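Both complexes shown next keep chain A, but they swap its partner, so chain B is in the first and chain C is in the second.
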Partner chain A sequence: MNGPGGEPAGRQVWAVLELLDRQLVDRDGRLAGKIDDVDFVVDDDPDALPRVDALLSGLGALANQIGGDFGRWLASIERRLAARRDRAPSRIAWSDVKSIGSSVELAADRDDLDSNRGERWVRDVIIDKVPGAGHEAE
Partner chain B sequence: MKLSELLGVTVVTTDGEELGRVHDALLVQDGPVGAQGFAGLRLHALAVGTRSFGTKLGYTQGTVKGPWLLRAMFRRPPTLVPWLAIVHRSAERIVVDRGRIDESR
Partner chain C sequence: MKKVFGVTLGILTAMGGFVDIGDLVANSATGARYGMSLAWAVVLGVVGIIVFAEMAGRVASVTQRAVFDLVRERLGARAGLVNLGASFFITVLTLIAEVAGVALSFQLVSDVNYLLFIPLVGFAVWLVIWRVKFTTLETVFGLMGLAMIVTIVAIVQLHPDWSSLWHHASHPSVPPGEGRPTYFYFAIALFGAAMTPYEVFFFSSGAVEEKWTRSDLVLNKANVYLGFPLGGLLSLSLMAGAAVVFHPLGVGVDFLSQVALPTSLALGKVGLAFVIVGFVACTFGAALETALSCGYTMSQYFGWQWGKLVRPREAARFHLVVVSSIVVAIVVGVTAIDPIKVTEYSIVLSAAALPLTYFPILVVANDANYMGDDVNGPVRNAIATFYMVLLTVVAAATIPLMIATKAGS
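Entry: the complex of A and B
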């Protein structure tokens, strides 16, 4: 699939420059985490190109990006925590992506996303326990 | 396969020439259309080079244009290695077919 000049047709996106560290925004405009890695599907067909399957967000994905001893240490911590809590890595299916710009807009509600679980945990375990939580400020 | 598994990996040709490391991946929105009416992204090529600073700033990809002095310093284009030129891939090394890189230029 080539355009004039032999370039591939369709919009071009540089993965590191235009996706990594971009803010995720949910369908109501609320912040929903940042992109730390990209997951591809690779078909068995040697002539097929890998397709973006999901955007990854959270400590585990960030650890892979950092690499080295520190990255491996972070990844091992995340794996242990995830195993203890029986949770899958934070991933946002590509089918939930609405647009890519200075931020990445999602069609999903952030409360339904794994990428928001850290904030949800803080809200449920800490903020909601503070006296007066749940009431609007006067 | 994750993007992080590709970044920083050394790329060599089948005749032994080292091209550098993977600094970025070129995705093109030409895949199947999803539920949101948004075409999927497919990985067409890897940006490979010996220097990464210009890539991190966006000069080598051409997405950042100025100031001209920085552009002149850092806009040394990376080698674009088509995905289909890859003949072997491991965690440490990606081996590519030189002929297929030349064909794509």
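Entry: the complex of A and C
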């Protein structure tokens, strides 16, 4: 498996323990959602371990994790909100991962992530309209 | 010196911040109905919140993770979501009760119907969260909450029969003519009032936001070991006041004005003024904490940016959740739903929901990989595990008791 930043030696991770449900932090230290699912690719080589291809984040991926009727309902809301017809949840490329610790740090800006559309929409359409939204809180 | 000041301030704010509408109502109502014979439930609740908050504060200081961050990680997406649903619902319910409590306190001073105050109080809660610094907020409401000490002065002034109060408190029994289920239902209400979950959501999120580290563990301990017991003392003095004034007459406590009566009987108008300032501070402070906790729990589950230290536009969804919760509290509040009843339900359901958030914190506090040397020691762990069992029993008993006793009526 290719490690963060595409290190040639690669790194083995326990996807469920080290990745799933962990906090994503962007390059500026801002919280950028959770890892709601992990996408693997399997190489042709039958002995190779599956490689992490992308981290999935956002309501669509979360809905798949939750499953059942409630999960399907969440997924339908997400599709409606995102005005998308496809069922694919938002992906964060493995090459964008900088380090894995108690949280997972990304090399990307959270504003460039597809999974943070909701945050941007709420910010631009609602919060920014309120006086004082940009003031220094402390 | 600055550190000493920080510790003192922490203790004072923990003391003032411990008491909220739930404690005001539950302690007075049980004091009126059962005298001091349920004082043990307050003590059990105070020790419980100490154990819970100390672990949550220690975990937050060592791992920089707040409660719902860990709930999601330890329980996963599915069980975590069920947990979020229950905890969020109860926190909104508590917010409704606190906002109504502030409005009722204003009604006591102005004679203007409290329903008119509810939208104003809701707006003020939002404005303070939107604009005021965290430390200012804690200091002002914590210190104003100390006005509640007047209830201790009042109980001394009432010259009660101390030995009889002590005898009832130390030899608890179900009073004649009262059913056992109702007695235990009220015990759960007191327990839930002392151990309301938002206190821990707020405390641990505050610790993460103020970037507490291992070196702040002393501060954590001082807040928890001194502030909460002193807050518990205020609760017991409210109970004793009601036990002295209402219990002999067989009068029940159904209004906030009755909570203030023992103090105004003992100390007149000055006493009443102090106790009302105390009510406003405690309920408004708790309204801030519950509104923030609505944002904390949901944001931490979904991984959104949260907190008061970043610009509101950097934590857009967090602020949207906070403001939506306040709007819900206003809308429900102005329907003239009985605020005392809402309070009672919120504390009883709080007790039922406690294991959901207590369990993941207990697990992490025991995880040496996470906690290193600050993992639970054997004594602390024995007490913490005892509480896990107790909370589970309480949670299992709450709903059946609620139905059997028709919510204590």
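Please note the rule applied: the second predicted complex is superposed on the first by the 104 of 138 C-alpha atoms of A that agree within 3 Å, B and C clash if a C-alpha of one lies under 4 Å from a C-alpha of the other, contacts with A are read in each partner's own complex, and residues count from 1 in each chain.
The rule we apply is simple: a residue touches a chain if its C-beta (ideal position, glycine included) is under 8 Å from a C-beta of that chain, and two chains touch if they have at least 3 such contacts.
These figures come from a predicted structure and were not determined experimentally.
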{"item": "Chain B versus chain C as contact partner of A:Asp47, first or second or both or neither", "value": "first"}
{"item": "Contacts of A:Ile126 with chain B and chain C, given as first, second, both or neither", "value": "second"}
{"item": "Touched partner set for A:Val97, first chain B, second chain C, both or neither", "value": "first"}
{"item": "First (chain B), second (chain C), both or neither touched by A:Asp39", "value": "first"}
{"item": "Touched partner set for A:Gln12, first chain B, second chain C, both or neither", "value": "first"}
{"item": "Overlap of chain C and chain B interfaces on chain A (superposed complexes)", "value": "20, 65, 67"}
{"item": "Complex contact set, residues of chain B against chain A", "value": "1-5, 7-8, 23-32, 34-36, 38-44, 47, 55-56, 58, 61, 63, 83-84, 104"}
{"item": "Residue numbers on chain A that touch chain B, as the complex places them", "value": "1, 6, 8-20, 37-40, 42, 46-47, 49-52, 56, 61, 64-65, 67, 94-99, 107"}
{"item": "Residues of chain A touching chain C in the complex", "value": "20-24, 30-34, 36, 57, 62, 65-67, 102, 118-120, 122-123, 126-128, 130, 132-138"}
{"item": "Interface residues, chain C side, partner chain A - complex", "value": "63-65, 69, 72-73, 76-78, 80-81, 130-131, 133-135, 299, 301-306, 308-314, 316-317, 319-320, 370"}
